[in-house]
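Next up: some structures, all given as structure tokens.
Next, two complexes with subunit A in common: one pairs it with subunit B, the other with subunit C.
For the complex of A and B:
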């Protein structure tokens, strides 16, 4: 009902209702009298600043500073990287080299090994983190000390990866490292530090990553557990499910989406966080832990082959994007809609 | 199918009792409705039967067999939840097949049972869909379907139709009642809607503040409420309560008020004098136990002023102002009183009630 017709209608309704009981139905009951008879002001005196559409260009100018900053720190380096990857780059000398940076890569065994090691490293980290993280979340969920324990658990995550690397470097140290002593006493390790043998160095790195980032998985899983619908769990219990069955058929489907997010975050981190690795092994012993990002760092900033480094970086970026896209697609398919 | 008994059942959350000393016998194959406002302990009661809630003390028995320590899956009950609780990642068929699957039935048996249940509930064309593609009423049917695919000891329905719109709710009331009669399975049905309880149940257990107020057939609960609280909760429009004085006039007890003075029947007089000697009682009259007219029928009528009239299509509700309260009268649409006019009401003294002012207990 528009403003203009309201007083008219209600006036008519009042007349009708006055003339006979059984026409009472026509009365507009839900509109209180005070509203009906309120005079409608002829001139609109509403504050003009409210609800007035603002021109689009205004919003654009609001965004300009952000765009500029972003362009400077992110977009410009990105294009500069592409540019470098296509050239021979030396100090004071840049020369087009007909994709030589890319063409040489397939025959670079350390580049290929880098991929293999990165895959190994990431797979081990993710598996351990997901399994331990989910298990911890399940153990913590709903316990009385949940909040305290979660806060405690999060501490490793708060540490800068570089610092974490340092701490573990000391713990692993072959002469005075406490963990080294422990592992040795248990007969798991020989006299050599875990990082000193090419067979075990990767495991040492994985342990650090697991130690630092499992809490993130736990945190995300806990959040996921909170939104598992209680009534579905109960319905399934009444339907005849054992607790384990209940977990598999109700809890897990609700956890998939959050776990996918966690996996995505972690695999991307594995592809770019090398702080602790640089501190702990620097890619050694030999090339045993030279995962691709470490190799990239070496090529660019130790050998100073900026062009080749840029080419590797570009490929790493493209692979990351493709894998991310794939995960998002799986995520979209898994996402259960609300009931 | 089973007989369900509650023996001195208590449920406490911390120190706060939610269900206090509940004693109910629900006969095999009957339809028991647990009725009460929110927070009265009715849902806790049902969840204790389902095994979703620990029984603080007392016993719940199926056919005289205590089930306190059985896991939900071993109690062989089927429950329908208020918000359906369907599994969103499963199709309707899989949802309904779930209880059978969990009990290790053959695929052929599952298919047969699910199809039969779907046919009964008229949802056989929806079996391939996912819950999110269904309307509220359809989801409800699926939830009920999931409960009836196997033959459980007991159905537990927890406000199953509370979220449906009024028209569909009225329809589903009939369907659920018919379903229960057809299957013959004992049913416990929790609701806050007295109309649902009245229209469907064989027995109603009215609960308030964790205590069982009255256990009886719908007729008993409606016609002979044991206390003022039950009387006020059951019935729509609600019962009118008027505080009246008790006076003896020529050997007959009268209920007196500024607006009226009406004699009670002999039987009722005996019930009052047996009960107490309170000088003020609470009189309860249902809106349909009053007849209203614009002319004075006799001296023992109630005089009042019309506050407002409400036409409900088939009949009319008239709100009448007495000196100190307002009462509602149900009458036919022929009634022609106008707002502000004086009107006269006579009470059907066979259908009125008197409650103690002190503890609310009914005298009659």
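For the complex of A and C:
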């Protein structure tokens, strides 16, 4: 603050100028906090309009519509689900049945098998997708054609799972399916379609899921690979590490968090999407591919045992919520490193 | 990379590995594209031509695949006689409607969630995300019952509302991350300059507009590709493309040419949209956990 800018009338500023008559301009002065250190205008006029501090109600009213809609389509049905799971539900008629829906479940082999098959299906899908997806990302990363190839790989993901199921149903067909012909020609399969025998039907479904969703893992891994610190890789190389060693000790640890997210997402999706399974096998042959969501679909919307369906749905939902809790925790841990 | 002179990067092993990678990539691209290609080609084939297969083990006979006279009669049949224009319209309205509703309500809610803190915000958030993660089949059981009582089954508004169950939480979750990236200082500066709270909000909209546009498209994509809700809640009056495609499978004769044509009609617009929002795709599909 120099004397030139100090107005004579302002009280706060006069304090400085008064004691600063014999100032040494080149010494750093200590200005007490109580002193206004900016030039103060001669007269302070009230602004023509003043904004009041934002009230919380503004935010509240912005949130209300979404919360209400969401409550209507998630909380309200949730209570209905509990209510229905305790009753025998027929069209237009509901009757209390002393927890019979739940009591029957532990002795329902298809329900138990459903969980087992779901686990089996998820495990097969995830293993294949992670292995192929990560390898694909490594092969793609930094190549000249990366952009074009990634765009090509994206295509199956844009497809409705149902349409994907139909196309593969066509390809697997025992009399005119091209993939069936291929498998037969390679000597892998007999004249029976891959979906027709209970040993191989699950593999057929897994292949479709792998075809459609491996690119997602690849995309996620590619995003992760771009974040691997290059300086660490180079330092490691200068120290004489082989590319393989580099991959194991620098790239992999950096990939784990993204891979974890990918695994969780795909795992949840295996619970959510059964469209292609409904088309391809519908749970058959026998019950070989009747994973739990398919069984639930059958109970609720084929036999219209909505009460029983609600009981199964409730259990499925609780398991999903627990998994979701884990997923959110993973997400939160991911937050700080997000750029 | 001055270290290039010091260290031998190219070993025979790494060269072999790179070669293997190239082969694998080529193979994988073929494996990815082939079903789509076959779908596309089969939609232009006459029924008998689509069924032509070489004998088992006859590798040279693959050329049979290309021996056909292209016909567009399946597409014509779909739109002229099977009412696919109605289903296309239903799909458009249901997907577009739910996307617009979700993104408008969602961005309002997401904006508030991003700007203030309050007790129980974490719980509210978890509730929102778990709504999205819930298995569609499980949600559908009570929803079907409620919608039946409200006479919403088989109507487009019902279907829009049903799609909102997964699109709205998605929009809130994703857009919150989006608003978090816009500094509050911008709005503050606007308000210091005399803008009202609402004008300040309007001032930052251009900053988030591209993202919001992209997520409208993503919501459309999710809704368009859905089958379960459409099959159960939209059954009857609000049939969408995937359901109509499924219904072409009759026990007696399966019209493969028409099915493939319907598949192309369902898939092509979404592939195009997917390319348009390519930049936001990974963020969208991973619920914002991964950014490119």
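Everything that follows uses one rule, which is that the second predicted complex is superposed on the first by the 271 of 339 C-alpha atoms of A that agree within 3 Å, B and C clash if a C-alpha of one lies under 4 Å from a C-alpha of the other, contacts with A are read in each partner's own complex, and residues count from 1 in each chain.
Keep this in mind: contacts are C-beta pairs under 8 Å (C-beta built on N, C-alpha and C of every residue); 3 or more make two chains touch, one makes a residue touch a chain.
Everything numeric here is computed off the predicted structure, so don't read it as measured data.
Peer 1: In the superposed arrangement, does A:93 touch subunit B (first), subunit C (second), both or neither?
Peer 2: Once the two structures are laid over each other on A, A:93 reaches no partner at all.
Peer 1: Kindly classify A:240 by the partners it touches after superposition: subunit B alone (first), subunit C alone (second), both, or neither?
Peer 2: In the superposition, A:240 contacts both subunit B and subunit C.
Peer 1: Touching A:144 in the superposition: subunit B (first), subunit C (second), both, neither?
Peer 2: In the superposed model, A:144 contacts neither subunit B nor subunit C.
Peer 1: Using the superposition described at the top, determine whether subunit B or subunit C touches more residues of subunit A.
Peer 2: C
Peer 1: So, A:78: does it touch subunit B (first), subunit C (second), both, or neither?
Peer 2: second
Peer 1: Tell me which partner A:249 touches in the superposition: subunit B (first), subunit C (second), both or neither.
Peer 2: first
Peer 1: Give me the intersection of subunit A's contacts with subunit B and its contacts with subunit C, in residue numbers.
Peer 2: Looking at subunit A, the two contact sets intersect at 234, 237-238, 240, 338-339.
Peer 1: Inside the complex, what are the residues of subunit B that reach subunit A?
Peer 2: For subunit B paired with subunit A, touching residues are 50-52, 71-73, 77-79, 81, 83-89, 98-99, 102-103, 130-132, 139, 146, 156, 309, 311, 333, 336, 338.
Peer 1: Show me the residue ranges of subunit A that touch subunit B in the complex, using the header's touch definition.
Peer 2: Listed in rising order, the residues are 21-22, 24-25, 229, 231-232, 234-242, 245, 249-250, 253, 336-339.
Peer 1: Quick check on the complex: what are the subunit C residues that touch subunit A?
Peer 2: For this pair, the touching residues of subunit C are 1, 3, 6-7, 9, 14, 21-22, 24-25, 28-29, 31-33, 35-36, 38-39, 42, 50-54, 56-59, 65, 101, 105-106, 108-109, 111-113, 115-116, 118, 124, 126-131, 133-146, 161-162, 164-165, 168-169, 172, 191-192, 194-197, 221, 224-228, 232, 241-242, 245-246, 249, 256, 259-260, 262-263, 266-267, 270-271, 273-275, 278, 281-282, 285-287, 289-292.
Peer 1: Give every residue of subunit A touching subunit C within the complex, in rising order.
Peer 2: 47, 49, 51, 54, 56, 58-60, 62-63, 65-67, 69-70, 73-74, 76-78, 80-81, 84, 89, 132, 135-136, 138-140, 143, 149, 151-164, 166-168, 170-171, 175-176, 178, 181, 184-185, 211, 215-216, 219-220, 222-224, 226, 234, 237-238, 240, 243, 258, 261-262, 265, 268, 271-275, 278-279, 293, 296-297, 300-301, 306, 309-310, 312-314, 316-317, 320-321, 323-325, 327-328, 330-331, 334, 338-339
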